[in-house]
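The same chain A turns up in both complexes below, where it pairs with chain B and then with chain C.
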Partner chain A sequence: MVSISLYMGCLFSQGFFVIVFAVYFPPRQDAKEPIGVCPVSNVLEVENLNVEFNMDGKYYHAVRDVSFYIEPGEVLGLVGESGCGKSVTSLALVRLLTKTARISGSVRYNGRDLLTLSDSQMRQIRGDEISMIFQEPMTSLNPVYKIGSQISETLLLHRNISAREAFAQSVEMLKKVGIPRPDDIMDEYPHQLSGGMRQRIMIAIAMACNPQLLIADEPTTALDVTIQAQILELMKGIGSEFGTSTLLITHDLGVVAEMCNRVAVMYAGEVVEQGKVDDIFYNPQHPYTRGLLNAIPKIDAESKSRLQPIEGNVPSITRMPRACRFAPRCVHVMDRCKVEPPPLFETDDEHVARCWLNEVKEA
Partner chain B sequence: MSEVLLEVKDLKKHFPIRRGFLRRRAGAVRAVDGISLQVMAGETLGVVGESGCGKSTMGRSILRLVEPTSGSLKFQNRDVMAMNKSELRAARREMQIVFQDPYASLNPRYTVAQTLSEPMEIHGLHDSAARRKRVESILDRVGLDPSYSRRFPHEFSGGQRQRIGIARALILNPKLMILDEPVAALDVSVQSQVINLLEDLQQDFNLTYIFVAHDLSVVKHISNRVLVMYLGRMAELASSYDLFSNPLHPYTRALLSAVPVPNPRAKRERIILQGDLPSPANPPSGCVFHTRCPLAQDICTQKVPEWREADANHFVACHLA
Partner chain C sequence: MIGYTIRRILQAIPTLLGVTVISFFLMHIVPGNPVRILLGNRYTPERAALLSKQLGLNKPVWVQYFVWLGNILHGNFGYSYVYNKPVVSLILQALPHTLIIVVVAVMLAHIFAVFLGSVQAYFENSPFDQIVTVINYFFYAMPAFWLGILLIIFFAIDIPLFPSGGITNPTVTHPSFGDFAIHLVLPVVTLMLISVAGWARFMRSSMREALLQDYVRTARMKGAREFRIIFVHALRNSILPLITLLGLSLPGLLAGALFVEEIFNYPGMGLLYWNALNDRDFPILLAVTVFLGIVTVIGNLLADLIYSLVDPRIQYR
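Our next item is the complex of A and B:
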C-alpha cells in the first residue's frame, strides 16, 4: 500500500513538473536577436569572472578573476583538483548557480553578455546554442522518462517541429553517437543502460540542437578506461563533425593532453596558468602546473622513480592565503608571494602564468 | 622475496540471484571465478581491471570478509578456509585492509584515537597508556600530527583520512595489507603523497601489498607483479615491467592503449574495444573476452583458454597469445 501511494506521489510530482515547464517556456520568438553586438571571432570570452558564496553572512570567492576565451571549433581544457572552482566556473557561465551566488564580470557568448540576459532569453540559449554534459550520466538523466522523450524534449523546446519529426531526429542522433539498436533504445529507460551508453545518450541530448558551444564537466570520470576511450573518440568525432567549440573540464591531465588545443589550469578559484597544450605540458611556467605534472605516475615511464608530490593540502575557501594562493605549498615561495597577489604575466605567445617568478622574464 | 606468504587456489565467489516468492536461487553472479596465485613476502601485487571485474571481491574474499564459495587460501602455510571464528580473528591481525572511500570507512563518531585503538582492544594488546603511545607513534609515522588523535574524521581532508585508514591497518603490525583502491578518491597532488607513504611503509615494516586499482599508471608505479582480471577471471599475470612492455593478452593491450597519456605529442595506436563488459551473471561461453576481442576466432567462443606460462613468469589465458 505504501509503495503504491509513493508511486502515485511520484507520478503526481512528475505531472506537476511538466505543467511548470509548460508555463515557464513561452513559444520561441526573436530568440536570435543579438544584444550588444561586438565584432569578435571568439565563441566565448570570459572576463574577470568572480563567483562568491555566502557562508555565515560572509561572502567568499569560489572563483576569482577568471578570464579565458574559446575560439570556434577549439577545445579548451579547464584543469584543476577538486574544489578549485572549475565546475562553479562552468555553471556560472550558463547561469545555473543558485541565486544566492554573487556573480560579477562578463561572459560574452558571440558578443552577447550572458550575465545580463533575462532568464527566458538564457533558457533559449541553454540546450540550443550552449549545451552541457555532466559527470554522472545516471543522475543527469531523468529516471522516469524514456530515452526517446528526453532527447526529443530538447528538440521540441528549441525547434519548431512536430513530435514525429523530433522522434525521427532523435533516432538519427542516437545513430551518430554509436548506439546500437537506436529504435529500441528510444523506448527504454536510463536504468536499462550501462554507464557508457548513458553518457552517449547525454552527448546525443547535448548535440541534438547542434550547439556552438559544448560544456563537458568531467564527462569520462565515472567511466572505465576502455569506455572512456570510446567516449573521448566519440567526442572528438562529433566535435569536428559539428564544428562545436568545447570547454572540457577535467582533473585528468591525460585526457587534457589527448583532447585539448589550449589549457587553463585552475588552483583555489584562480586561473594560474593558461596556454597552448604543448606549452603547458612541455614548458610549464607556474610551480603548481609543474608540481601536478611531476606528481602523476606515468604509464610510459621507462624506469621507476619516486613521485614528487606537492606537499600540503588545497586551502579551504574560508582560509585562503591573502596573496598568492599557492604560496603555502610552493617550493619557490618568496617573501613577496605572501603579501602581494601576483597578476598574470605573459611568458610566451598566448601563454600566461600567475607567478612572480615570471615577472623578471617579462621585463 | 622468495618465501610464499599467501597462496590462493581456484578461489570462487558466486553471489546467488534469488527470484520469486520463495526466493529460489535463479542463478549466480560469478564475481570471482577461479583465481589462483601466490603472493611472495615483501612484494606488491597489483590487481587491475574494469569495474565489476571482481578485483575488490577477490581482495575481500582473501580476508574472508566475504565468504568465498570455494577454493583454498593458505596464509603462511595455514589454511585460512579451515579456520573457525576466533582463529580467523587472530589471523586477521596479520592481514589488514585499507578501503577506497576514506569518508565512508571511518566511524564519524569515533575520534582518531578511538579508531586506532579499537584493533588493539579487540586483540587485547597493551594497556591503555601503551596503546595511546602506539597511536601517537603510528600517527607520526603516517605523517599526521600526534595531537590530531582527539579529532574526529570530519575535521580531516580526504588525504589525511586515507592516512588514518592506513594507520588503522598498520597498527597491529600486519604482514599482508590489501589496499582496495587506496588513492582513487584522492586528488592528484595528494595521491602521490599517499603513494610515497605506502612505499616508505612497505620498506620500513617489510609489508606485502595486494594493491587493487583501476588506474594503470598508479599500478605500474607501485607494483612488482601485476594481475589483469576480466569478468572474475585471470587474463594475464606478469612482472610489472613485462606486462607493460610486452602485454600478451588482447584485453591487456586494449586496456593499456586506452589510458590517456599526459603527453600531447605521444602518438599511439589505440585499440578501442567495442561494447560493454558482459554481465558476470551470464558470462560468454569459451573465453569470456571473446565478445569484445578484436582477434577472436572460432575456438575462442567454444573453449575456455587454459592458464599457461607463455614466457618465464609471464602467465596468460588466451588461445592466441
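Our next item is the complex of A and C:
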C-alpha cells in the first residue's frame, strides 16, 4: 500500500506539471507574420557571421567572417574537415548554440535579420520556416515518446489543427519519407528503429511544416554507405517536391557533387573558397580545396573512413594561426601568408578564394 | 512481466528470511529481559521462571526462532506481551496513521523536489540555484528528530500555529476532519523536508544531464517553448532514475517516520515500534520488522515495474 501510493505520488507529480503546462501554455495559434514579397531575393543571406565561445573568461573565434547566400530552391554545400566549424555555423543561423556563444554579423532570412528577432519570433520560425536535420540520428529523437507524437508535435506547435489531423498528416509525412508500415511506426519508439529509419523520421519532422529552408548537418555521416545513398536520394526528391532551399553540410565532396548547385569550402572557421560546384571541382583556386579534391577515394569508393586528406590537423579554436589559417599545412606557403591574413579574392564569376596566390591573377 | 514479478518475489524470500534471522537474534542479544520488564516490582525468580515458560522464552534461541517462523507461516504473529492483544490487530490499528503521513509527505516532497531540481538545473549556477543548494544541504544534513523538535519550538510553542503532537485534540470528543489535518502538518512537513533535499539534488543532476541531450536540441529546433522543453521533453527522461531512487529510499523513509512519530507522539507504526522496543515486546518488534521488509521488497519491485512502464526501452521477461 505504502509503495503503491509512493508511485502514485511519483506519477501524480508528473501529471501535475503536464496539467499546469496545458493550462498556461496552450499550443500557439497565432498566425505567421506576413513576409515581404520579393520574388528574386535570396532565401538566406549570411554576412560576416562571427561566433566566439567564452572559455574561462576569454572569447575564442570558432567562426570568422563567414558570408554566403542561398537562392530559392537551391542546394548550397558547406564542406570541410571535422572541427572546422560547420556545425557551429549552422547552429548559429538558427540560434541554437549554448549561452557561452557570442554571435555577430547578420543572418537575413527573407530579408529579416534572424539575429535581431526576439526569442518568441525565432521560435515561430524554427520548425516552421527553417528546419534542421542533425548529425546524430541515433540520439536526436526523444527516447520516451512515440514516433507519432514526435512528428505531430511540430505540426501542433505551428498549425492550428486538431491532434487527430496532426496525426493524419504525420502518417502522410512518414509515407513521403519512405517508411514502410507508417501506421505501425507511429506507435513505436525510437529504440525500435535503425539509424537510417530514425534519420528518415528526422526528415519527416523537419519537413512536416513544409519549411522554406532546410539545414542538413551531415545527415548521412553516421549511416552506412548503402543507407547514405538512400537518404540522399530521399532528400533530393523531397527537396525538389517541396521546393525547399537547402544548406547541406558534409565533409564528403562526393555528396556535394551529387547534391549541390554551389559549394562553400570551410577551413578553421572561415570560408576559404566558394563557387559553383563545377568551378570548384574543375578549377579549384585554394590549396585547401585542391587538397580535399586530391583525397577523394577514386578506386575503393566503398571506403567510408573520414577524409584526412592533407598533412596535419585543423587547428583548435584556442590556437589559430594569426594570418592565413591554412599556412601551417599549405605546400605553397609564403612569408607573407604568416603575417597578413588573405582576403577573399574574386577569381571567376561567383567564385571567390581566400589565398594570396589569387592576388596576382586578379591584378 | 508476470513471470518476472513472480521470479522477483521468489528471489525476495531468502532475503526476508535473512532479515528475520538477524533481527531475531539481535533482539535476544540486546540487554534487557522482557520478563523482568513485564513483572516490574512484582519480580521474583519463581514468577520470572513461570512467565518465561509461558512465553516460551526458556527454550534455546534457535528453537524459539523456528517456533516463531512456523507460527508466522500459519499467519499467526502472536500476542503482544504488554498489551496482550494480537500483534496483527495492533499493526492494523497503527498502519493507517503511518500511511497517511508517509504518503502525503512523499507526494509533496516529490513534487517539490522535481520542480526545484528541474528549475535549478535549467538555471544552473544562478543565484537561485546556489541558494537552493545551500538550503538543500542544510536540511539534508539535519537529523529528522532535530528538525522535528525545531519545528515544534518554532511553530507549536513560540508561534502556536499547530499542535505539537497527537492525532486529534484530546479535549474534543468528536474530532473534525480539520482537527485531524492540523495535527498532520508538522509531522508531514518534517518528513517532507528531510526527503526533499536529497531528491532535489538528485533531480537537479538528472535534469542537467537530460537538458544536454540531442533530443532537447531537436525540441528547440521544432520551435517548442523552454517550458515545454523542460517539463515535457527533459522531465520524462530525467524522472526515470528518480523512480528507482524512490524505491531504494523506502526503508529510509519508514525509518524517518519512526523518529517523526516518536517526536510528535503520533500513534503509527513508528510509535508502536518505539514503545515495543522500550518494553522488549518481541512479537511486535519482529512483526513490524517483517512487515517493513515486505514493504521494501514490494517497493523495489514496484519501482522496477513502473520504470518499465515509463521507459519504453526497458522490457522485463
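Keep this in mind: the second predicted complex is superposed on the first by the 314 of 363 C-alpha atoms of A that agree within 3 Å, B and C clash if a C-alpha of one lies under 4 Å from a C-alpha of the other, contacts with A are read in each partner's own complex, and residues count from 1 in each chain.
Please note the rule applied: contacts are C-beta pairs under 8 Å (C-beta built on N, C-alpha and C of every residue); 3 or more make two chains touch, one makes a residue touch a chain.
For clarity, every value in this text was computed on a predicted model and none was experimentally measured.
Q: Taking the superposition on A as described, I'd like to know which of chain B and chain C A:Ser82 touches: first, second, both or neither.
A: A:Ser82: touches chain B, not chain C.
Q: Based on the superposed arrangement, let me know which partner A:Met197 touches: chain B (first), chain C (second), both, or neither?
A: In the superposition, A:Met197 touches chain B alone.
Q: Just chain B (first), just chain C (second), both, or neither: which does A:Met334 touch?
A: So A:Met334 meets neither chain B nor chain C here.
Q: With both complexes overlaid on chain A, does A:Met55 touch chain B (first), chain C (second), both or neither?
A: So A:Met55 meets neither chain B nor chain C here.
Q: Check whether A:Tyr189 is in contact with chain B, with chain C, with both or with neither, and answer first, second, both or neither.
A: second
Q: Looking at the overlay, does A:Gln228 come into contact with chain B only (first), chain C only (second), both, or neither?
A: First partner only, chain B.
Q: From the superposed pair, tell me which chain A residues show up as contacts to chain B and also as contacts to chain C.
A: Chain A residues touching both partners: none found.
Q: If you look only at chain B, which of its residues touch chain A in the complex?
A: Of all residues in chain B, those touching chain A are 50-51, 157, 159-160, 187-193, 195-196, 199, 214, 216-218, 220-222, 244, 254-266, 270, 272-274, 276-277.
Q: With touch defined as at the start, can you tell me which chain A residues reach chain C in the complex?
A: So the residues of chain A touching chain C come out as 1-14, 16-18, 20-21, 24-25, 94, 96, 123-128, 131-132, 134, 136, 139-145, 153-154, 157-158, 189, 191, 202, 205-206.
Q: Within the complex, which stretch of chain A touches chain B?
A: 81-82, 194, 196-197, 224-230, 232-233, 251-258, 277-278, 281-282, 291-293, 295-301, 304, 306-311, 313-314
Q: In the complex formed with chain A, which residues of chain C make contact?
A: Per the stated touch rule, the residues are 95, 98-99, 102-103, 106-107, 110-111, 114-115, 213-215, 217-225, 227-228, 231-233, 235-237, 239-240, 242-243, 246-247, 250, 254, 295, 298-299, 302-303, 306, 310-313.
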